[in-house]
Amino acid sequence: MNKFRILNAAAAAAAMLAGCASAPAPAELDNQASKAIKSSFRDQGIAKVDRLAQDLGQAACSSDKAPDDAVADKIMAEALYTVKWPANGQYIGDWRTGERLAQDGRGMTWTDSSTDPKSNGGNCYNCHQIDKKEISYGTIGPSLWNYGKNRGITDVASPATAPIVQYTWVKLWNSKAYSACSNMPRFGHKGLLDEQQLRDIMALLLDPKSPVNQ
Amino acid sequence: MRTRTLIGLAALALCAGAQAQKSTADGIAEYRKMLEDGNPADLFEAKGEALWSQKRGPKNASLEKCDLGQGPGVVKGAFVTLPRYFADTQQVQDLESRLVTCMATLQGFDAAEIAKTPFGSGEMANVTALATWIAASSRGLRFNLPQSNAAERQSYEVGKRAFYFRGGTHDFSCASCHGEEGKRIRLQDLPNLTKNPGDGIGFAAWPAYRVSNGQMWSMQLRLNDCFRQQRFPYPGFGSEVTIALATYMGVNAKGAESIAPAIKR
Amino acid sequence: MQTRREMLSRSVTVAGLLAAAGFLPTSALAAWPQAAFDAKSLADAVKALGGSAPVESKDVSITGPDIAENGAVVPVGCATTLPGVKRLLLLVEKNPNVLAAVFNVTDAIEPNLSTRTKMGQSSNVYAVAMMGDGKVLYAAKEIKVTLGGCGG
Amino acid sequence: MADPMRIRAQAAGDKTTVRVLMSHEMETGQRKDSAGKVIPAWFIQEVTATHNGKTVLTADWGPSISKNPFLQFVVKGAKAGDKIAISWVDNKGDKRTDEATVS
């Protein structure tokens, strides 16, 4: 049993060595891949090739392995630093508009005509359950049903709710502040949604009157 | 007493929720099942079959001598071994780019001109129909892409890197949606394409007829629209990244049974 | 009972009159029941086809999925177990024009047909059987249409 | 000219199930193109099915039948070797007829 395992391991090691002898080094393959990516895409409408120029976080989160802790910490710290707080400390808008934005998956593709946030949706239901009435929701992100209620929010204006409200704002503005390789887009930081649109989505999640919190 | 009733009610509500969820999934499964009988991909398959033997192009020749990797004229089994390396072009080619090579060399069409043609029109529509028929000729066979050539192995490695490449306005990569088990966008199940996702799933389902727009989608168009939704710039038809991604997915799908052409949402 | 041929010739006359009056019919086929396809309700569509008020019946069936993943293609079927049916209709209540299809059935086929229809939103779908004895019977089913894909 | 239909006619006992796929846009006339112009309606209006030359079914369709339409029906008394023909005419007057042999 043991012997068999050792033999197997030896065979695997030999195979790996043999592989190494003829295969290009990983760095060389990285190089080939970036050359291929550069040569394969072209501008189309609002989607220009400059979108392939990676920032630190995008580059560090581009493999099947997570970046090491030091890099992850740097990404998160830089992300938190980018967050712009809403004017006049006004965090909460209209949940009805927020629901419409959450349903809307449009924006920023080469078939869209404008990069103005006003022409973009929030894409929220693509990845999250939000209002339970909507049965067509994605599961890439966690369920947001009862988001505010579960966090004990009964009055969004109360100072006691400030930590949750601010946490949620940061998450929407730049999700990488809390998780370096989060799958969630950076809605505020990348100019995908404007301040008022973010307020409306905040209301959908946090307002006790929102259907999400019933 | 009162507490117990409340707990009971809560449990009931939970059950009802779970049941509603189950019936949604069942309902969708039932809908998909109903569509399978009478897949309009048949129309494109028939068109492709006719195009293969029809004398066309400046050289007024058919494609019957086209080598898809199994020798000139061999169609059955070709689909489940592509992309692969071709010595005559010294390139790894997928089904569609190989078809364009044949249309250029045998029939005298301008390959660059075809590559520039939008999906669904002109000679590009013919490439899609041909690919649909050629895929259908391997229905039920299992994927087995060759990796014996260094260029094929490099294509896999480049494809893997492209799969994880994050960029664009939304920080998406292919892996954002297709890197994990059991996820979905809205109600669409997302296959995990970093491994074999199973028979007839992912790479083993395309070309497919898309009911949402009534179009026949080849793998090149499938990838093209993935990049659009990823908010990336426009990938060229038959470009290195698209072929490398196909190699990556095709090799990962080794042993999966092809059901292409499938019918999709 | 009017034969199909009589109907055709009558419609041709009407079309001719319309053309003469400067109204060009949008239809290339004179026999195509324009008024029925313009109808906004089940009752109006049946009326335009010369039928009486429809009555719900267990002898008529409508088949389709409970949920459609995409409203562009919704498989639906209509059937009846009763003999003597002349026409089977398929209608979608919330489509801009409710009538989707009219099947003029003969004794040479089973009164059971399937096709696929577009649905703009979740709606009731109706199968209607117009019988030889003048009765008009129907069955209804609700089909939910969901939003699919990335929505962009 | 329109692409051919796909007709499958399969006998089981004294009943033959006919499945038809037609190649057609089935444009509703209610959609707009990217420039905001209404795309004119273009759809199959009448379908006729014959069994060995005898009409067994006619149908009137509106624009809400799905693109690349599917139709299924069951012919009584048809047997292997019989001919099933399907014809359609659209609102522009284009037409198409295809035939299949019952198997």
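Read from first to last, the chains carry the letters A, B, C and D; within each, the first residue is number 1.
As a convention for this text, a residue touches a chain if its C-beta (ideal position, glycine included) is under 8 Å from a C-beta of that chain, and two chains touch if they have at least 3 such contacts.
Nothing here was measured: the structure is a model prediction, and the numbers come from that model.
Central chain by Cα centroid: B, whose mean Cα position is closest to the mean of all protein Cα atoms. Chain B has its Cα centroid 26 Å from the Cα centroid of chain A.
Centre-to-centre separation of chain A and chain D, using mean CA positions: 47 Å.
Look at where the CA atoms of chain B average out and do the same for chain C: the two points lie 37 Å apart. Inter-chain spacing, taken between the CA centroids of chain C and chain D, is 16 Å.
Counting partner chains per residue, chain A has residues 109, 111, 123, 125-126, 135-136 touching two or more of them.
In chain B, the residues that touch at least two other chains are 24, 185-187, 211, 214, 229. In chain C, the positions touching at least two other chains are 67, 72-73, 75, 144, 146-152.
Pairwise chain contacts present here: A-B, A-C, B-C, B-D, C-D [touch as defined].
Contact residues on chain B toward chain A in their complex (touch as defined above): 17, 20-21, 24, 150, 153-154, 157-158, 161-162, 164-173, 175-177, 179, 182-187, 190, 194, 227-229, 231-236, 239-242, 244. Taken in their complex, chain D has these residues touching chain C: 15, 26, 28, 30, 41, 45-46, 49, 51, 54-67, 69-77, 89-93. Touching chain D in their complex are the following residues of chain B: 37-38, 40, 42-43, 46-47, 209, 211, 214. Those residues of chain A whose C-beta lies close enough to touch chain B in the complex are 22-24, 29-30, 32-33, 36-37, 39-44, 47-49, 51-54, 57-59, 61-64, 108-111, 123, 125-127, 132, 135-140, 176, 183, 185-186, 190, 192.
For chain C in complex with chain A, the touching residues are 67, 144, 146-152.
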